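Which chain is which? They are A, B, C and D, in the order written, and residues in each are numbered from 1.
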Amino acid sequence: MSTLLKVTNLKKSFQGVHALKDVSLDLAEGEILGLIGPNGSGKSTFVNTIAGTFRPDGGRALLQDVDVTGLPTPAMARHGVARTFQSSRPFLGMTVLENVTVAALLHTDRPAEAEAAARECIALTGLADCVDVTSANLPVERRRRLDLCRALALKPKVLMLDECLAGLNPREMDEGLDLVRLINRTGVSVIFIEHVMKAVVALCHRVVVLNQGELLAEGSPQAVMRDEKVIRAYLGGSSKLCSTSKRSAPATAT
Amino acid sequence: MLDVKAISAGYGDMKVLDCVSLTVESGEAVSLVGSNGAGKTTLLRAISGLVPVWSGSIVFDGQDLGALPAHKLPALGIAHIPQGRGVLTQLTVKDNLLLGGYVPAARERRPETMKMVYDLFPVLREKESQLGGSLSGGQQQMLAIARALMSHPKLLILDEPSLGLAPIMVEAVFEIIKTISGQGVSLLLVEQNLAEALAVSTRAYVLETGRVVLHGASDELANNEHVRTAYLGI
Amino acid sequence: MDSTIILQTTLNGLMIGGVYALVAVGLTLIFGVMKIVNFAQGEFVMLGMYVSWALATFVGIGPYPGLLIVAVIMFVGGWLTFKLLIIRIIGKSDEAFILLTLGLSIFLQNITLLAFGADYLTVTTTVKDAAIRFGGLAISLPRLIAFGVALVMVAALTLFLNRTDTGRAMRATAESREVATLLGIDPVSCFAVAFGVGTVMAGIAGVLLTPMFYVYPGVGTLFNTTAFIVVVLGGMGSLTGALVGGLLIGIVEALGGTFVSLDLSQLFAFLIFLAVLFVRPSGLFGRSA
Amino acid sequence: MNRTGRIFLAALAGAAVLLFPVVTTTPYYIHTVLMVFLFATMGLGWNLIGGYGAQLSLGHSTFFAIGAYSAVLLMVNYEISPLVGGIVGMVLACGAAVVIGLPCFRLRGPYFCLATIAAGEIARILFLHFQEFTGGANGVPLPFHGDDILTLQFSSKAPYYYLALGLLVAVFVLVRWMEKAKIGRYLAAIREDQDAAESLGVRTDRVKLIAYVLSAAITAAAGVLYAFTVGYIDPDGVASLNLSIEIAVVVIVGGIGTLWGPVLGATVVVLLTELTNMYLGSLRSGASLVLYGLLLIVVVVARPKGLISLFDRAPAASLPKQVGTRVHVA
């Protein structure tokens, strides 16, 4: 697989706090790359810096050997780097179709064409039953789908998903994972940020762990999960939990 | 002491909490765990009156909180440290602390409380005339806790106190939380650092998509298969 | 150029700048705490002038002795405005506040026109024409008093915000309504106090201006735009900024009016305003975001 | 109401509007309705940026004045037809919009609004100052040379009425097309959430600038027509902050970001002002403005979506029932 996105020595700090110290990573064509790490480790800053929300203080981002470092957000989207937001951000006053049409207009000037393309994406993401529903009236699960659907309509090369499954129950989460796989199969490379490890393990080809704005580990999901450094970072410098005796757990279910 | 009965709540049309019940006894430390977006923060905010409760009731110390505006709750003895610490960055450390004791009952005892708090956090005394925003993340968390203590709370609500802190700072913060808990203040804690959370608390609730799916003694939950696979990836 | 004229002009500008500062400090307090722009601030200045005029004409209390009465009336007026109108749109967009206060400004200006007509009214005081002279320069006494009272008011407000619990509560509310609430502060009553005090500042400015300006319904518009300029120039929400900005605009207008062209005197203020807005939107004394 | 009923009513309204100058001979009435047309036109133009683009501009009188002054001065000083002068004015207004818009769109919240006020006031001061060119505060009267479409001068009000109506209809059609076109969709997205719009590739600054420039051109066109209808312009009349405010108020009262809002708003605001002036007399000219201020206050507090929201139909489609329920797997 050839490298699609190559990030080298990315740096970003806010008022003296180094959110990203020196992060380098590659995303291969067709890959789903998991990006994990404790809250505040710099995952969202990474996405925001690549997506153009923040200008990096240093480092480079190459998309298919084109330098896209520090481009503003719309330009990144036009180059084929799409993202979703940690908290779902549909255009609340618009219907699902109108939402997706805005995204589809990136590739055409004709609203009718864009609408047709939008309808395809909507069908693909399982939102057909609420095409004309105002997105403010959608439940969380549908909003998450709408996020993915809008991103899909952009026909991106790279899609960065910032906790796109947050707030979903296990069944919905499984459906969400299927949807991400589907998008990936259309030829979109994915950077996948998620806290729920089960989802990361199930979905990602490769995982990168960030901690304190630095790359902590990298490898297959299974290998990373077993990594002593990673366990320590997640458990806050101690391994209390691992040392507790392996009693069976008669916790009360409600 | 705190009795949350079957509450539902959310933002706009979006339901985030679905019939959640929870109790915190006097002097008890309870933690609330679950993945991002499960509704933990919303639950804390609903208790503090920052999010309107659609149905169900919240009773604190025998008083129904439903009818009270949010700013009346601190006077009852509820202190809530929000996610991101809520330090007033444009105010000095001292002004932050003075406002911690803004409620009338605490205001009378402010000088002595201030001394007590400074003894607990000597670094704050050193920096008392600096702006809150100039402190490091760890110091800001100390300030947030110190400010909460200024009101002599009966119940301390903490939302992700370890967020964005270096591991060594996390340890320190949890040491302090343990100390406070040891002094008889009830705790309700949301924390993604599961190990620390379960270590300081006696009981815990697991929240998933706005519902309590598990609850029990902290050490039992720590070994629960579901918790371990879902939240720790072990 | 004659240096005496330059000095004299600067001095005149400085004095009037003190009053600009007073109007702007009220505006910046309201903006700082509530994050809203009050387009009716100039009309509150105008109302202060009318109340002062009415006291002098019908009751025989001159502007300076009547200062306190006007302050109380204006506080009640501002507080009522808040309770009747402003409170209804808390949490809505910036635009809603701009439009609401714009409507209020039009309403107040014209209701005054209906009540008192368009005549230019004057208030006479014993000090109206008095002046202090030194080294070839002269400061009219009303201007000096206005300047002095303005400085004292700004200082008092600063002390109030920094040294009292209510003041601290207001600063807390200014930074985060939510955190303030969690500390037991009622943000809405802080808003009410801010709006009331902001109105008082405008009213007092009005009183101080009556000996030097004609009193008429449209007089407030003169101060509305100037106050915005000053507030943005100083950095929205910064009291020191509003004070320095007020003095600066006063001097710029006076110098520009004297040495370039009287009808261009406001132009310079606007140009400085735009320059600051584009180069440093946080203002001279504001904290950059 | 069924479809035929609606078509019938629309036809009736259309006929009434077309025949109005024929049945009434009072120039004042014709002038009043003409002003409704002009304000509706300006409202539609303002709405492009203020409503659809959600950038509250209180400096639109600048464009109005540029249009009016360009056409009038070119005719008075160089005998250039206002049909040409008007185009020049519109182009100049577009230029001014670019100059004002480019830096101002970086500003958010109340700063944008304040910047447009400042720009407008600067323009007014400049119009006042360059007396040899603009006549300063005395303004510029248009000497009457007899009826001629090339000089836009007519002894009767009726031709102006039809010109204003034509302009209104043209702008209305343009805006209606834009609402559905790419730019309209992008503007709507910007209004909802600028950051999210950018993440979908919308170049927000560019889109806003296009809307602003178009808006300026429309306002300038209205300014040209106004100047020749009234036959006299001065800075306090055509470049004032009050005019800027009135243009915005028309839209806000009617319904911001809607197609019919500006039309409804112009009708209500202009008629209200004229009627109170007529019945209470010009001596008490404050009365109409008191009502105007009150109207604005009431609309903002009680009807933030404008009077047009009184005609709102049933709420849009909602979610199919089964979607709302969640199956929970513990």
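By definition in this document, a residue touches a chain if its C-beta (ideal position, glycine included) is under 8 Å from a C-beta of that chain, and two chains touch if they have at least 3 such contacts.
Predicted model, so just to flag it, every value in this text is computed and none were measured.
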> Which chains does chain B share as contact partners with chain D?
Replying inline: A, C
>> Taking each chain's centre as the mean of its CA atoms, which one is most distant from chain C?
In response: A
> Looking at A-D and B-C, which pair shares more C-beta contacts?
Replying inline: A-D
> chain B to chain C: how many Å between their CA centres?
Replying inline: 42
>> Just the number, please: Cα centre separation of chain A and chain C in whole Å.
In response: 50
> So how far apart, in whole Å, are chain A and chain B when each is placed at the average of its C-alpha atoms?
Replying inline: 29
> What positions in chain C touch 2 or more of the other chains?
Replying inline: none
>> Residues touching two or more other chains, restricted to chain D: which are they?
In response: 326, 328, 330
> Going by the touch rule set out above, which residues of chain B reach two or more other chains?
Replying inline: 208-209, 213-214
> Which residues of chain A touch chain B in the complex?
Replying inline: 17, 38-40, 136-137, 139-140, 163, 166-170, 172, 195-198, 200-201, 212, 225, 231-242, 244-254
> Can you name the residues of chain D that touch chain A in the complex?
Replying inline: 180-182, 185-186, 188-189, 192-193, 195-204, 316-320, 323-324, 326-330
> What does chain A use to touch chain D in their complex?
Replying inline: 51-53, 72-75, 77-78, 82-83, 85, 89-95, 98, 101-103, 105-106, 109-111, 114, 129-130, 132-134, 137-139, 141-142, 150, 154, 169-172, 253
> What residues of chain C sit close enough to touch chain B in their complex?
Replying inline: 165, 168-169, 171-172, 174-176, 178-187, 287
> Any idea which chain B residues touch chain A in the complex?
Replying inline: 12-16, 35-39, 137, 160, 162-168, 170-171, 192-196, 198-199, 208-209, 212-217, 219-225, 227, 229-234
